[in-house]
Amino acid sequence: MTTTSFGKKPLTGIVPPMVTPLNSIDSLDIEGTEKLVEHILSAPVSGLFILGTTGEFSSISYKLRHELIEKVCKQVNGRVPVLVGITDTSIIESVNLANKAADCGADAVVSAPPFYYAAAQPELIEYYHNLAPRLPLPLYLYNMPVHTKVMIDPNTVKKISEVKNVIGLKDSSANAVYLNLVRHAMKDVEGFEIFVGPEEMTAEMVMMGANGGVNGGANMFPQLYVDMFNAAVNRDIEKLKPIQEKILEISATIYTVGRYGSSYLKGVKTVLNLMGICNDFIADPFHRFRKEERDIIRKNLLSLGIEGLVE
Amino acid sequence: MTTTSFGKKPLTGIVPPMVTPLNSIDSLDIEGTEKLVEHILSAPVSGLFILGTTGEFSSISYKLRHELIEKVCKQVNGRVPVLVGITDTSIIESVNLANKAADCGADAVVSAPPFYYAAAQPELIEYYHNLAPRLPLPLYLYNMPVHTKVMIDPNTVKKISEVKNVIGLKDSSANAVYLNLVRHAMKDVEGFEIFVGPEEMTAEMVMMGANGGVNGGANMFPQLYVDMFNAAVNRDIEKLKPIQEKILEISATIYTVGRYGSSYLKGVKTVLNLMGICNDFIADPFHRFRKEERDIIRKNLLSLGIEGLVE
Amino acid sequence: MTTTSFGKKPLTGIVPPMVTPLNSIDSLDIEGTEKLVEHILSAPVSGLFILGTTGEFSSISYKLRHELIEKVCKQVNGRVPVLVGITDTSIIESVNLANKAADCGADAVVSAPPFYYAAAQPELIEYYHNLAPRLPLPLYLYNMPVHTKVMIDPNTVKKISEVKNVIGLKDSSANAVYLNLVRHAMKDVEGFEIFVGPEEMTAEMVMMGANGGVNGGANMFPQLYVDMFNAAVNRDIEKLKPIQEKILEISATIYTVGRYGSSYLKGVKTVLNLMGICNDFIADPFHRFRKEERDIIRKNLLSLGIEGLVE
Amino acid sequence: MTTTSFGKKPLTGIVPPMVTPLNSIDSLDIEGTEKLVEHILSAPVSGLFILGTTGEFSSISYKLRHELIEKVCKQVNGRVPVLVGITDTSIIESVNLANKAADCGADAVVSAPPFYYAAAQPELIEYYHNLAPRLPLPLYLYNMPVHTKVMIDPNTVKKISEVKNVIGLKDSSANAVYLNLVRHAMKDVEGFEIFVGPEEMTAEMVMMGANGGVNGGANMFPQLYVDMFNAAVNRDIEKLKPIQEKILEISATIYTVGRYGSSYLKGVKTVLNLMGICNDFIADPFHRFRKEERDIIRKNLLSLGIEGLVE
């Protein structure tokens, strides 16, 4: 059981989507995981989200997912709410993961649409109407069209929100028109929480009323993103500007090294490894950066003013 | 020759992308065009953009495009800068349109990538390096991936901006990550202007530093969008909020009637017709709303507090 | 242990991708499964493929997948080779499924690329180089771009085929240029088997050299597809023509009822139910046809000359 | 006026989609055009299609399109039917091009859907119902979804075929399921002609009943594609096989040099230049291959047994 006030009032702030430190394809980097959790919690983040896209949920075995839920919940120990990704193509496996999360004391679960078949909007509505009531924890929807091949339309979000247990949406579409229209559609739904995935656009969305950010960069530099959130929520644009520029510089120089769609994940894991926090092993179908890209990342980190990197 | 200060200082504010009033497939609604120009200019907009996507540039004949350029430039008569869309699959036809625009006293031209073949990023760079020097007017890039099948990447924008004549970018991708990364990439390029297409996301982008909005809704309610811009540029979020909600309500209730991608255009033309401003004829491959959708639009306009509609 | 000659000579012919009869979201329709297997094997099909896309592999729990592998392998009992889908986003879960398949006496496994993240071509090569050697059974690649967001390029197929254990490709892209180029790229690789998913194009591909079809329609009418294969492999186009027309009529009238991408699956399960073979329950995110669509299917079946339907 | 029997009986065979030889962005390579027409007509092709995708119709000015129509019609002088591409985003410009084609004695026109906005199926039906009656020549539909962002669905083809003047379809989707379903939908429409764009799949489609191929490779090696058609139409698969392998080898080694989508066009123009037939200039947004790729093409041509290449 956690000691947070989760569920009593809306969650706001930065909820880092934690990477999953791995030693090999089916083995957690236990020490790295512990160091990473503490590194992230050293800043006043508002929660911790495990087994999301950044957490390579889909690439690791269910055994490892269970192990990670256990370890992280135990280690966090109620200091912040723990959100657990249960996205799956099988509704039964999603429920299984949610049960595990509840057993371990997690606070909420997060579910993107099933991602093998692409469901139509009425099918999405029915899907979440079937899923949510079976869950022992509150549910955040997760809009992630690049991977799921479907947007959860604003009106669909509205209809799904009528189901018990559905408390918010994390959007990773990068589509600001969509996000504003969701906010508009949900404006009369008391307490519905909206979190923004991409850190490059979180600040302005928070200014416009979003609850916070689920920003991958907060694995590396949690305080920076908390600072961004605080400036944004206080609408202090002068204070925000240099923070925002740094966040954009991180995006431009760390997330786009290498040629494939996996550059973001590889970049974050390389930085965490260079910072001495955890292993940079990445599960199939991706792989850690080789020396060439690693050296570029190191150089770019130095340009960003990050020091004390390991070999 | 216009009497605006265009080109001397960066353009900021709302630059409505004017619809093209038509009486039939190859005939301008001359009276409607005059009324529409005056309706838009009745608010302190910062410019007028003709022959964009909202202006159905691609659906009407070149004869009609020339006629529209002539009439609008003459009627605006230097009151605001006129921007002319020259997007074309043929570089020669783009130059022809730009020459016509210059002859008629327009102030700048706007060009999206050629849209039959999808060009790769190096090909885009070369394309604009070939196009821009042939143009008699300053050029805005136009990022419109839904229609052109290609994003103009931030680094590509940077490289194209090195060409003489390229002064800014209009982005209609709705992708706020992209737009922030473009802004970041261009931060050291003095005076490079960034305009936002989708009105649902213009306010926050202006707060973050964008120059203004090219918002289709300003055809109908130009003052509303100017008010939005002013609140945003002054970072007056309390003042902005009700304006923004109204803009989102317009989007949610006027642009999504009907089942196809053309709903936005049909919605705007229907409203202009209901307001007694111009014909709602739409060129192939689209068609005006029928009575059923028209009645929904009328009802939604009344809910928005718009009165004095015609039959 | 099967008594087939699988692996000794290339497989050819029709290998129906079996639907998974379900009584509810986590319960097999045992009786229906038995009847369906016998219905399919009543024709001289060349194998049985379970847990493919048509088999809703991704929608059902791992417990159910294991149960289905057990039951089907036991019931088939070596009469034809059994191929088991092991497509998964986690390489470890794919290996687990393959081990189960081997334990139950299956003959081969089938794997599409991981489908949450979209891998690049070099990542696909590395993926299958990691996967195949861990498998206890021969592996068919499975090209299914609509669901996996990536094509396995002809040159990628070639490079993957160098790995031990990789014996063929099932292609469901519907892209005949691709399939011909794969065949061309693999022409010097002795014994590499190419199977075609879409039944509408299997005949001509078999004439051009493909090994056979993995045709969903063979759940309903296995003899028809075997007849098609035989006519095609004998290049007897006169005999083929009326068969092919019937196959196209099935596609046009059974697979496109209803408005969503799931029409094909719903159509096949409805027909099997109307034929008295098995339950038409479909796992989330899809759902069985309602009465309206069911009545259309019934009517279309009658037009196809199918009689003896149940209520 | 041509002396062909066009329109009296269905067209069958190979109708090469001619590239447009250019000396610069707005100047035809007149001598190259003449040589290319004669080179193509040296084989018993069944027609000549100008201003298609391979002909860079969208990249060249209308002035050049008119000039090309004039020159080619005059030079062909009724030896084979001339088909002219009139695809345009503006219905008026399509009609203008068709009128020019009729004036010059062309035999038919070819039109893909408007390609800036993507039309929905009912909009496509209405579009062609508006277009076809305005045309002075018979019309072939042109399905080209990669460029137009829309498939002309089989049922849409059926409904459009009811319009006077619509006599056939050229399909370049590469989707054999689609093509078979179109053939099936149109089976009762007497004389409706179906042509296949991609040469890699033309043979089997002709065996299944398609009228012929509009194959880009026939610019280079017209006799080879005529041989392919003849073997296919005679269902002589033994004769067809080595021809088909050569066609696939051309595709694999000539059309995929270079990294972008434009490789096919660049490959064909490079070969024509190496064969001494015409200039390899390509209009924006593409550009001719540089020496590196040119040398690869040369080497691959030699491997194909093509000799007598120029520098």
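Lettered A, B, C and D in written order, each chain numbered from 1.
The working rule: a residue touches a chain if its C-beta (ideal position, glycine included) is under 8 Å from a C-beta of that chain, and two chains touch if they have at least 3 such contacts.
Here the structure is a predicted model, which is why all the values come from computation and not from measurement.
One finds 35 Å separating the Cα centroids of chain C and chain D. Averaging Cα coordinates per chain places chain B and chain C 49 Å apart.
Under the contact definition stated at the top, not a single residue of chain C touches 2 or more other chains. Judged by the touch criterion defined above, the protein chains form a single closed ring in which each chain touches exactly two others.
Pairs of chains that satisfy the touch definition comprise A-B, A-C, B-D, C-D.
Touching chain D in their complex are the following residues of chain B: 25-26, 53, 58-64, 89-93, 96, 113-120, 123-124, 126-127, 130-131, 147, 149, 259-262, 283-287. Within the complex, the chain B residues that touch chain A are 154, 174-181, 183-185, 187, 198, 200-201, 203-205, 207-208, 235, 237, 244-245, 248-249, 251-252.
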